[in-house]
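Starting off with a structure, shown below.
Chain IDs A, B and C follow the sequence of writing; residue 1 opens each chain.
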Amino acid sequence: MSAILPLRLEDVSFAAGGRFIIERVSLALEAGSSTIILGANGAGKSVLMRLMHGLLAPTSGRVAWSGEGARRRQAMVFQRPVMLRRSACANVVYALKVAGVPVAQRERLATAALEEVGLRQVAQRPARVLSGGEQQRLALARAWALNPEILFLDEPTANLDPGATREIETIIKAFDAAGTKIVMSTHSLGQARRLGDEVIFLHQGRVAERSPIERFFPQPASPEAAAFVNGELPWA
Amino acid sequence: MGLAAAAIVGFITVASTTSTEQSGLFKHLLPIFERKTGIQVRVVALGTGQALEMGKRGDADVVFVHAKALEEKFVAEGYGVKRIEVMYNDFVLVGPKSDPAKVGGGRDIVAALQKIKAVQAPFASRGDKSGTHFAELQLWKAAGIDIAQDKGPWYRDTGSGMGPTLNIASGMNSYALTDRGTWLSFKNRGDLVISVDGDQRLFNQYGVILVNPAKHPHVKQDMGQAFVDWIVSPEGQSAISAYKIGGEQLFFPNFKGD
Amino acid sequence: MLDAVLSGLRLVATLDLRLWEIVGLSLAVSLSAVALATLLGLPLGAAIAVGRFPGRQAVIVVLNALMGLPPVVVGLFIYLLLSRAGPLGELGLLFTPQAMVIAQTVLVLPIIAALARQSVEDAWREYEEQLRSLGVQGWGGALTVLWDIRFSLLTAVLAGLGRASAEVGAVMIVGGNIDGVTRVMTTTIALETSKGDLPLALGLGIVLIAIVLALNAGAHLIKEAAQRRYG
């Protein structure tokens, strides 16, 4: 059903500043399940996601998609949303333009995406004057309009209050329900349990454990993950 | 007056000196020529050295300066067609009212310079290879003084035009050699007055030269020649003598015909 | 000094067509030069900011250094180019307002390009990941960022305008300060000062400063309005 998944990482390493941030990671991401990437600060979650999304090139190893056109079939939402100095709607339209969507369809698709995330009312407001939560929803609308097969999210609610966080989680579930593969990093164990089907636990650049959600909580198999879940490993 | 002005047919570039332009002569002279011929004259006012250099490069059609030796060299080297004497004005020695070298009211420039050097009174020189600068150097020579060797801190080389040099002379209360025209229109005199004038050796001859079209084919030969012809014509020559500042004539036409 | 200023202003207030011709020419020359330099300099600065090529650091250092080009040196250089004895003499551009625009464009281009490069590079740090995630390639990203930060680029443009309207060395040499043809405010001030007519020079100087101040105030208001509108 998916054109580009599974995504395979084959012995991928990433080194910077003289040390390995990601070391010899091999895994495959299948369509269907939501994958949560968990780990202490500095474990390499952000770098791993950027390697998958193609923002970083691996120092060694291969990142292999299963089909053509992976570039256009994925999207990413960052911890801090980056918006152009235009209206909310114009930001979504811009993304559609870059994706090569014909002019005639852009406005319509953008409006639908804004509707989906509940931002229809503020479509014409300058994106940068929206609140943090609204801007993050706008980032999701932008991704929604692109109809991606896989959506990467790098700690999307780290800077948001609980109310805004709930709104974001609702939208992520909508993506999942629509068939988009979710790959998300988070600090919050509660969020992982609410949104994830499986967990990849990173420790010092390596995959220490990979388990389905029910297996990982309440007690993970690996000692590193166990220490993390029990609150003893905030930093790698 | 009363004749309709000729339609503009083009323009020529005349390289001349700052002192000539600042005297206001061109403002008086050129409109008469332009009205009669329709030729707009664009004057680029530089030092004599620079003006001749412009002629050598072909950036001017006519050169109108006051340094006979340099002009003759210019023609001899093939850059100019012919040097024609047009008019003369005179230089004056200005100095502080307090007159430390006691030269005021004199008619002998050479004696005055000797006295200035003797008491080491401050003297501001243009030092910029201009016609005025060359005239000054000739006068020191005539006074038997090798100024390059014998100058001291009392002799200030400003390296600038007549106006700035007078500004400096005024500011420092020093003597300076200037053309009468610039002096008459100079508004920042401070304590300076005319100390010495009227000496034959202070007369300053102007020459006009058409830049050689053989060297620079693009030179506007016809229009340039028209200007040269006009300025030595009776009409041009009387226009020159008609120019006065405060009732005083500045330039004395002396074209002799040939 | 105060009377010089007052008599200067009085002279200027009663002055005629000639003065306004000079002011008009000054604005035409400097604004044209800044417009050209902006057209060329903004994309150039953005390209250097976003591009990755060998020698990039050297290019940045040289570009920054060129901001300090002495106007009189630029004037001399352009004069040698445009002189009949020079390579572009055929064009007959020497001692025309066009030559003055060329000289000032050369003078101002590094300023606008270097400042734009810095602004775009700073903004690129913020935008790069998101734009690349959306699939934006190289130059498209540079132009998007350039347009997005357009109001803060006004500062670079104003810096260029300040330089152009204040300089006298370049326009004096390539223009020749010809009465009625290439005489602008700065060369007139230089001329009147050298003639010892200080009140007039001062008066013109005040007009020049007033004009530049007005342009800066206008730009500031535009920036403020944009900030309020776009965030």
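Of note:
Here is the rule we use: contacts are C-beta pairs under 8 Å (C-beta built on N, C-alpha and C of every residue); 3 or more make two chains touch, one makes a residue touch a chain.
Bear in mind the structure is a predicted one, so any value in this text is a computation, not a measurement.
Taking each chain's centre as the mean of its C-alpha atoms, the one that lies farthest from the centre of subunit A is B. Across the structure, the highest number of inter-chain C-beta contacts is found for B-C. The chain occupying the central position, as judged from C-alpha centroids, is C.
Computed centre separation for the pair subunit A/subunit C is 46 angstrom, with centres defined by C-alpha atoms. If you average the CA atoms of subunit B and of subunit C, the two centres end up 36 Å from each other. Subunit B has its Cα centroid 81 Å from the Cα centroid of subunit A.
Against subunit A, in their complex, subunit C makes its touches with residues 126-127, 129-130, 132-136, 140, 144, 148-149, 229-231. Against subunit B, the residues of subunit C that register as touching in their complex are 83-86, 89, 92, 94-95, 176-179, 181, 191, 193-198. Residues 50, 53, 55, 71-72, 75-76, 78, 81-82, 84-86, 94-95, 98-99, 126-129, 142 of subunit A touch subunit C in their complex.
Interface residues of subunit B, counted against subunit C in their complex, comprise 13, 18, 22, 26-27, 42-45, 56-59, 160-164, 166-167, 170, 182, 185-189, 216, 218.
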